[in-house]
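Presented sequentially are two complexes of chain A, the first with chain B as partner and the second with chain C.
This part shows the complex of A and B:
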């Protein structure tokens, strides 16, 4: 069963009787009424048929959220958000509302799929075409599912996990990103509706990238996604989120939370390609992407590696971080952020060194074009007990044109005098010499820019799973279209 | 092949080319010599269509077509190749990726099918071998960390791969050791055919022992001051350029 169908089933299965909160909205409604209140939180929880503890958890988050101020320290600029103008729950679209074939899909979107080289079948899934995949992706997905089950890997929507393994979810949910971590995460805790749960049992190396399956079956385009990945002792998993294809969504506000937990000797590799709709040239209609991603290297010798390619959204606010608790644990952050036109991005990472001999590595490549603005914001914190801690940070900015901006804000807080913290930063432009050289060899100007930018990002691109790296490279070119000439 | 008529060009408002006349017939190799700063590289950039090198008078006719309005990439696709005096570094872009992009961009422009990976690699290996270059150089980023001589050899590799109709070599011999000079010359000679022509800019007569030119021109003060056979190069080696610069000053 596809993820959407699953959700639909689930929503259908919640009968009106289960509902006992004296809340006036029709439980069968596809949409919650606009706005946010305790009743809406109860409504969402009821729709999902959640256990009592989770409802309490959500309500606690909601109450904290009311009191919390908006984060003001980032260098992004937008009008105040009117939280009461959004719907916080809507059922997935039924097949009747979806395009019947690719002929009904926005040609511009299809043109981009074409450029990215995405196969027709996948284009249909991505564009939300109501097609029957009985012979294709569902059977593929079933094969994947079987393979995962054989080794005991749990990979399912978080709402399903609450039924299959409630204790695991309860044990780890909110332990990396506490309910009241920041206003956006707090909102997510109160109203999250989608997201994935992954558990890798001790000693298991997950037999596939959790992306192939994901791309076909599990299009997480929810507004308030909640993802929780737990790698038990000595296990390994590579997880890929997102998609190079441009994603459109009527919901402007996105506030996801991702929590990773790595126990002794475990490794989690988390890769993201984010290409939400950036809005028009002025940024109108673009997505606000406020994400809280954090990983806890809880066990000794554990490792968490974040790789991200950020090209979309009108505003990106995102700092995938690592808490290096276990001795000898390793945190990595590899990032490419591209902003064009009126996009704004404030992104970076936090590496919190708590355990002995913990090491972290940060490689950030920022590309600004048009009149966009981007900031790398990084924190490396070394606690007094983190004997032998080491960090290496490299931040490179590339400017295209003279109307864009790039800023690097590295904070270093070292409380251990033996720690080694290295920071390197460069800012460069694409030189006219380079463009002329490439054009003289027959490469058109835009392709030449894309080539230089891909070269600039290479170190990070190489961290991506192979088939995704190829698409991501094409995406670089597409994101920068119209940035020269 | 190439007909340059009374060409005037300015760089940042300063006139560098002051009426260049030059005709290269198909199959010919012409050498251009001249003092430092006389406008040789400027001429090559103008022919390749570099931004900022403005043609203020005269015409460039290449295979019967006026080039003035064409972008650099269009000229390249039509078969004009410039081996740079100072090859440019492109960090992070493997040499082979760059060459692959270039070959396929040119093929697309001409309406030909792109080469697939296997065809391309096969072709590239063959060319690399001819030029006695290591495969390792194909994996490295374009010109990054290359020695002076390696950069020049890399220019010749690109030329061999793109098989241009008109090659302009701007001091490709400078900085080459004797063996490299031979290899580079062989690369140029290998492309010699009745349909292809070359303009070889050099300061040294020695190169012309390997690449024997049909004509030698002296470019000084923004103009072709003298044209002769290959013996002119020997003469210049003996007497220098005093005659030409003196004339102009008087």
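This part shows the complex of A and C:
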């Protein structure tokens, strides 16, 4: 491929011979040339000054990636991805590239912020305005950091963690999502740029909800984010990812990996609100969101709970899963997925019951509108040793409009007679009666639909942390704009 | 043609090899056979890599070579064949070949054709040409392609416009009875013309110790306003591999009811593709499975609600003992603009032993918004509280377990609308249960 050859050339010219030997570099370039090759992987690793084992790990992943087939089983449709046309590394934007004030920001975006009720200062941050961060959140962030340090919680970018506690990272990285788990995760392993690392020491209940939002200066970690959360014995943490505000990003391909490890009696609650740019009404230019999220309940009585609100992205391919290894461990999955216009979402979960008396609960609410397509795809697997395992699954779909599709594909594999597995699914539309009732009370049609939909997803909304829940409710209404009438 | 190791002499051997296949002289049929062989050659035997075969592997075909059945095989005496009693007509096949001595179609009413496929091909080839392959819509099913190529037997049921069959017609398919491993490929054709009504009861039984492989294909056309009830008991032997592909089309205001009672067979798979093709069409597609030993039973279905105002209901319940394994894959597809569709699907399984396994995948694929669709699936063991309650009333444990299993399966059997058939099927269920004599009340006397 000429593109690859070109890339190799460019990398050589940029980086010279330096990093090949020393893995220390002071390259000034803030962007890797287009394309993907072993040199690019070395470039990223060198750029971040990573230890050698990690480079080896990345290279191993890259080589596996080359051989792996693209996953074809999901019900999403998009043209083949040309992996050579992307940049795989770019340094955070400098202030010169950012809009100078909110006046330069897309008014449509601002209108949405307005509807979500986001304070002006936060709007500036979200829109990437180059402001001096001398306002509340930074000081808040600093105060938070101090508090966290007091109890021994490590919460930092993964690149920083590699310096602060390399052994911890090395011990857990890639143990939940192996390098060659699937093609997207494999790509992430090869080229991940940054992400969060969280470690909660034994017996510590994290004093606050951790949020990527407070990692302000580390924003723009880019399209290949890698998150690793380890909850040691008897600890608890609640982690929030993303935010309700629409996120614009010039990178079309996103392949994140999230790994959670819960040891004995530990609990991790992971909440996501995903609102990446879904593209225009035809779905052009929207984000491809290929995420591999998996949690391992390694210890006894551990618990991992996933809550997600998925409203953005042109294509969502995401299955937050739980491996219930420890006896009495608990896995939960609460999901709201909304697709409108030409969006496609194939999302669900896997609950793998290995330990005794493990329980899992899946509540999935899918709403399709416009000409979008949505699939719930889930697996509940009971191994022969999972005595007394229990699963309850409920997945409901709501269709708005006659051009959309809603599909349910649950897999249930039970190999233990003492296990009880229950699955329920329904698909229906918003009833005329409900709409008529609300409208005759003077509620406009769009507001009425938002109200009904919010009621439909109530069970999941209740699982969201307070501050997310309020915004998420508004988001539901906004996401469905233009789908009725 | 690719090598087909599970058939003696491969496909060619099965096609020529001194066998006289029905309709040998018909050009169109020869074309169909050739195309089928070509398609099967291209597709090969299904493997778990295919989504539809994820949980079922045709393992018996790996290490056994089956000889396609020849004339004159299976003339041995067969006794005690199952029956539902008073029937309008009865055909008995042994290894796919009609046994005239055991069959009786002398009392069929006018307007009903009920006989073996070869007779149809001989007497009315034009009608056969018009109907064979007319319901089948997809050509990606390898096992159907194999049947296309090899079809060597089968039956036809044709009920003319407005004719109502008050009594059921009955088919008994006996497999085995030979020392060698044999294979046969029945092709069945069921055409129920507008406003006609018929009930068919099919018994599959295995006899003897020989292995056999039956690869059947059935086409069912239920025309506008017609009612067709299709009841099947599959009690094959522990050496049997039973693969059945069904394609059905249901017309306007027509009803198609099907019940599949699977209670025996080393490996069995029924794959049905049902298209609800006219407004007001209804399909009840139900079944029960009871497996023990190392039996494997697969029920796969695809119900296409292609037009508005159609309904379908699916209830499958099963009991698995020992190291038995069952697979349920159901899919309801609601086409774009097929508004007011109502689709229900339920699959429940009881696991009675530690080694039993159930794999279930109830799917919905919906492209219309004004619909009511639901599915449910459960798996678990006998309710311990119920068991305790019964035992506390002085009912021995074995009997209590049987009662619970029977009532569990009873929910599925209740879907059979023909009362008499339901009773006969329930009786079969009771006799499958261990120590069934208890249920007849004898335990009281012996106690």
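Side notes on the structure shown:
Keep this in mind: the second predicted complex is superposed on the first by the 451 of 485 C-alpha atoms of A that agree within 3 Å, B and C clash if a C-alpha of one lies under 4 Å from a C-alpha of the other, contacts with A are read in each partner's own complex, and residues count from 1 in each chain.
Just so we're on the same page, contacts are C-beta pairs under 8 Å (C-beta built on N, C-alpha and C of every residue); 3 or more make two chains touch, one makes a residue touch a chain.
Everything numeric in this text was worked out from a predicted model, so none of it was measured.
Residue contacts after overlaying the shared chain place A:401 against chain C, while chain B stays out of touching range. In the superposed model, A:71 makes contact with neither chain B nor chain C. Contacts of A:422 after superposition on the shared chain: chain C is touched, whereas chain B is not.
Of the two partner chains placed by the overlay, neither chain B nor chain C lies in contact with A:207. Once the two complexes are laid over each other on the shared chain, residue contacts for A:456 go to chain B alone; chain C is not touched. Set side by side, chain B and chain C differ in how many residues of chain A they touch, and the one touching more is C. Of the two partner chains, neither chain B nor chain C is touched by A:285.
In the superposition on chain A, A:434 contacts chain B only, with no contact to chain C.
Comparing the two complexes, no residue of chain A contacts chain B in one case and chain C in the other. Contacts from chain C toward chain A in the complex involve residues 51, 55, 336-337, 339, 349, 351-381.
The touching residues of chain A, counted against chain C in their complex, run 73, 384, 397, 399-429. Chain contact summary for the complex, chain B toward chain A: residues 48, 50-52, 71-73, 75-77, 81-82, 84, 87-93, 97-98, 101-103, 105-106, 109, 141, 158, 162. For chain A in complex with chain B, the touching residues are 431-434, 436-445, 447, 451-452, 454-459.
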